[in-house]
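Shared chain: chain A. Partners: chain B in the first complex, chain C in the second.
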Partner chain A sequence: MQNDQLALAQTRGSVDPRVKRPLPAWVSTTALLLPTYGWLTLAVFLPLLTMLGFSFMSATPMGKTPVEFTLKQYRAFIDQPYLLRIGFNSLMMGFWTTLFCAILGFLAAVALVRATVGKAREALLVLILLPFWTNGLVRVFSWTMVLRENGFLDNILHMVAPDAGSISILYTRYAVVLGLVHGYLPYMILTCYIALVTIDDAIIEAAASLGARWWTILYKILIPMAAPGLISGAVLIFIPVIGSFMEPRILGGRVGVTMGTVIEDQFTQAFNWPLGASLSFTLLAVVLAIFATFSGVLRGRTAG
Partner chain B sequence: MAEFSRRNTLKLMTATLAAGASFSLLPRKVFASGQITVLNWQGYGTDEAWSLKQFTEKTGISVVHDYYSSESEMLTKLRTNPGAYDLVVLNAARCAQAVAEDLLQPIDFSKVPNAATVDETLRNNPNFSNDGVGFAVPWVWGMTSLAIREGKPKPESYKALADATYKGRVAMDDDAIINVGIGALMTGQDMNDPQDLAAVTEALKSIKPNVKLLWSTEDQWNKSFAADEFDLSVFWSGGSVRSKRNSKLPVEFVVPKEGAVGWVDGLGIPATAPNPEGALAFANWLIDPAFYVEWATKVGAPASSNSAALNSLPADDLSRQVHNPDYLKTMSIMSALPDDRREAFNNVWQEVKAFYAE
Partner chain C sequence: MTNVKVKSVAKTYGPIPVLTDISTEFPEGSFTSLLGPSGSGKTTLLRIIAGFIKPDEGVIMIGNNDVTNVPVWGRNIGMMFQSYALFPHMTIAQNVAFGLERRGIKGEAAHKEVDRALEMVRLWGFGDRTPKQLSGGQQQRVALARAIVIKPSVLLLDEPLSALDRRLRQEMQVELLRIQRESGLTTIFVTHDQEEALTLSDKVAILDRGRIVQIGDPETVYEKPLTRFAAEFLGDSNFLSGKVENGAVRLSNGTVVRSDSALPGNGADVTLAIRPEKMSLATADSQPNRLSARITTVIYAGPVLSYILETPDGLPLKLFAQNRDGRVLREGETVSLSWSPEHTIAVAN
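Our next item is the complex of A and B:
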């Protein structure tokens, strides 16, 4: 349709003797798209393709060992069944982190949209983005100081109740989820905020004037209309979280073993790039399968 | 990874010194005895400016350096640049590989008088010598074994890691090779080639109720130990000295009866070295007590292979107390691992970690 119009404009143009013959439409389209796709090819597609190639090799192609084509790396989940448990734990970690981010992020975004007095909204936005300015590693390490035995939390508790035991949750799954929620919450707040800010106040006023209580407004108007934000936030958070390795390593201690740490070990310690690559692609396939399963549901929600 | 960190720490300690001093070295005098080229990690003992000055004054040989940043890079440089290097610093495990590829020449120990007091077990280590011919002068060594909080009962065996007295009070090194080695020692097997990996896996799994955390950097170890999170840990000998000396932590390094997991760096002469005589003189200087005492006390160094040099340290020196040469008798030295064995070791440790996390 658009192309037809362009073609029409072109023919009209060529009739006019004063105007130079313009380039065909596809040339300008290609020229405009080339930098983006060129960059994507160079920075995303080629490295991914190399990794895909690695995942079919028998050894890292950097030593003297001869490299052969093999599918054995993809059998890792069958040969090493304990990986299934790690994979399941990683998915659960992603699920809980995303859920807490969704609840907290949505509420924060509502507060942000409601804050219309003076410069309150700008100030709140800056406060939300502030943690992003510090390095992620620093944020995670500061959590260890808060959560450890005789750490910040323990000291405060002992000020009130000197005989109480330790409430340290460092080196548990709770600590890992806490650190991850802290790290990824801003994504959810921002995506929800963008969705919520487009809702016309008049709709809410109309609902209220027709007698809707706050929970009816929340479930019938705010959540359905913010669904695109919630979904894109969930996607943005879930995928990096199940591959995360820094937070589980530092906050998880003994229980901090995830697909992310297993893959990282293959690249940094074991020097087994093919296995690391095949595990990454298996994980990618699982994530795609999950999103494919739920895409129908999700599409229904966004349309509604 | 363990070795890399160890070197990095040394690097940090010496970087300032080396950087400041290298300028004063620029107008190098060229003597008749010529010069030698040393291949080493940067900031790892051989390139100390004060030492090079003393050595050049003594022998008239000037020393230039080339550096590598990984052990595989070192081997590549030896293979591709024949005739470029006179002396190379290499780990015992890599030495065996270099000898197998004919990259090194035999050492004429008569020209290294200080080697007379170098420990026999180190000199005869199969990684350094082949059919009774030595291919490297052992230089410095260190251990990975147990560290215990002062005042707690000293473990006599690695089996203490699984002892109920230390419930929730143990930290393990997140390193596959080290842990499989310790599992092998727990089950009475050869650390470098355990035949019964299932037993190793079981031994490591039995530690689970005690394991509080897995540490991967010395800094992390220090912070967690200072916060009283564990009492017993797999740790490095050099790390324990630094923790006690620099961070004043109440830690004691213990080598149980099964012996420590050890590493040794040696000084080898490439087969194509243009000045092997000069290289031998420099190797002799690097294990000289005069050089070692200054290096260890001013900069900080691993244990010297030369017992005379180690004994020249002040009696209250922590490093001297920890690196008791008696430990060399029971110590197993990490050898080069074939790829399939390395992969098997990594899989064992992944499986154990997954079990810990359940």
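Our next item is the complex of A and C:
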């Protein structure tokens, strides 16, 4: 009798009150996602939103001037056309830095993956990451020692050819790109390295057995297969580089006026936070537009 | 479609000799298996022929060309790997066309060749897929198509089927053999599956610690092993040792065993190998060679019965019997075994 009831209860699926009812799915999902989204909100969206708010203000909300809502900050590029040229120069700086990083970083990663094994590889990887760990300011200033007139580079040249002039490139755009490449190269090496180590040796051997020489293997196998690494490296480098201000300032001197330095000036010198914020967002929009076009082109090419 | 010659090839890694004085020829259009235990140097030999490894000594000839110093990409070889090694970012057709492109064959001509190769491996119409969309067996067939489409001088395969399950593997063996026969490609096949080696090859080469101990057609290598290692590695063998006495062999227990093999002079030590399936339970008209032994284990495997036996002086023996007359012997029974002198092979230790 009792057994029958039990069986009946079970087939009906009625729930024993002592058994804890599982939480509804949405509760657990929310609980699990909360740390991630909470952190994103705190660390990314709140500051961004605050900045977005600033960009619509007529003045920094800390002075005595009354603050109003305005769109005029976003007209900066129209009102001050020299900003266009600076913006273009910044993009070019980003382009060249990313390009040199991509070439050097990819080749370095290939060498690392294909020519070394085990301990030697780990040691080299650490050496490559060293510039990453040094203070950026120290790194950039040491470049001035190397590049300035009668600096390290000139000294070496004069040892070989005493009558030669100075080859100082300090305070030129070359110096800026050089300093930036030095600082950001590890990103590219790392992302390419990660993409390349996953390629099975047999794939490269198969290509060689089919008649491919090293350059064919490079551009038909390694580059396409490591493209995700190259792309993420490029994104990781391009964005901070066009906003950078330390390297342009120290190594570029007079020519080192970039969007990064202009924006920094708005915050630290001119105390015009709204303009700095609006310039930042304009730059962000341009970068996003570039990436959107770029990824569209890439997708179109792989599909075609 | 040429022959391949390997002359006195040697290779050492540090102090360890991996290959020692390998000299052999792979005739035009033949299918040769390199068979040997793990670490015997099969892969090393194959990779030396392919050009991935430079031998310390020796010469590799493909046809009439000395290719010892020719890099991989110049040797015109077809290669298949255990891991398939398809290019994941290319379609099947692009994979197959890769080697053609390197030879300057493009467009319509390449297209035709690719189609023909895919047809040969029964994957026609799969050209637009990517490797990820194919099963393991299909991927390996693409790899085969990619290797043969370039009309290589020699096809090199390093355990290409060992990643496949049993059924697929047998299917692929049949395919591989058919394609090899159709194309007439000189093929060198590394395996450590002896059954695969026997069923596929015209020639089997048995490697032991960096040396080819025996090379020949499967029947000869199986029926007439030259060394104890070959007899043991390819198939199963019973070994009897004794001393030569008047053209026969006297075992330590006094039994005299006759052999058709050429025996050394009187008093010399000799090892005889007898395949377990060549022995049978003695009847009245049985062979001259006899031993009595006690059954210790019976392994019932359906069509074949395996018995593990022991002679009174402790020598272990194996006997494979057809499950024909329905009588299964019991453990503990003592039986008399007999076999013919023809199947009694003197082997080197």
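We take it that the second predicted complex is superposed on the first by the 274 of 304 C-alpha atoms of A that agree within 3 Å, B and C clash if a C-alpha of one lies under 4 Å from a C-alpha of the other, contacts with A are read in each partner's own complex, and residues count from 1 in each chain.
In the analysis below, a residue touches a chain if its C-beta (ideal position, glycine included) is under 8 Å from a C-beta of that chain, and two chains touch if they have at least 3 such contacts.
This one's a predicted model, so the numbers in the text were calculated from it and none came from an experiment.
In this overlay on chain A, chain B fits alongside chain C without clashing.
In the superposition on chain A, contact is made by A:207 with chain C only, not with chain B. In the superposition on chain A, A:221 contacts chain C only, with no contact to chain B. In the superposed model, A:85 lies in contact with chain B only, and not with chain C. Counting the residues of chain A that each partner touches, chain B and chain C differ, and the larger count belongs to B.
When both complexes are overlaid on chain A, the residue A:249 reaches chain B alone and has no touch with chain C. Contacts of A:50 after superposition: neither chain B nor chain C is touched. Think of it this way: put the two complexes on top of each other by chain A, and the tightest Cα contact between chain B and chain C is 44 Å.
Against chain C, in their complex, chain A makes its touches with residues 200, 202-203, 205-213, 216, 220-221, 224-225.
Of all residues in chain A, those touching chain B in their complex are 59, 62-63, 65, 80, 82-83, 85-86, 89, 144, 148-151, 171, 249-250, 252-257, 261-262, 265-266, 268-272. Residues 50, 52, 71-79, 81-83, 85-89, 98-99, 102-103, 143, 146-147, 150, 156 of chain C touch chain A in their complex. For chain B in complex with chain A, the touching residues are 1, 72, 175-176, 208, 211-214, 216, 220, 223, 227-229, 339, 342-343, 346-347, 350-351, 353-358.
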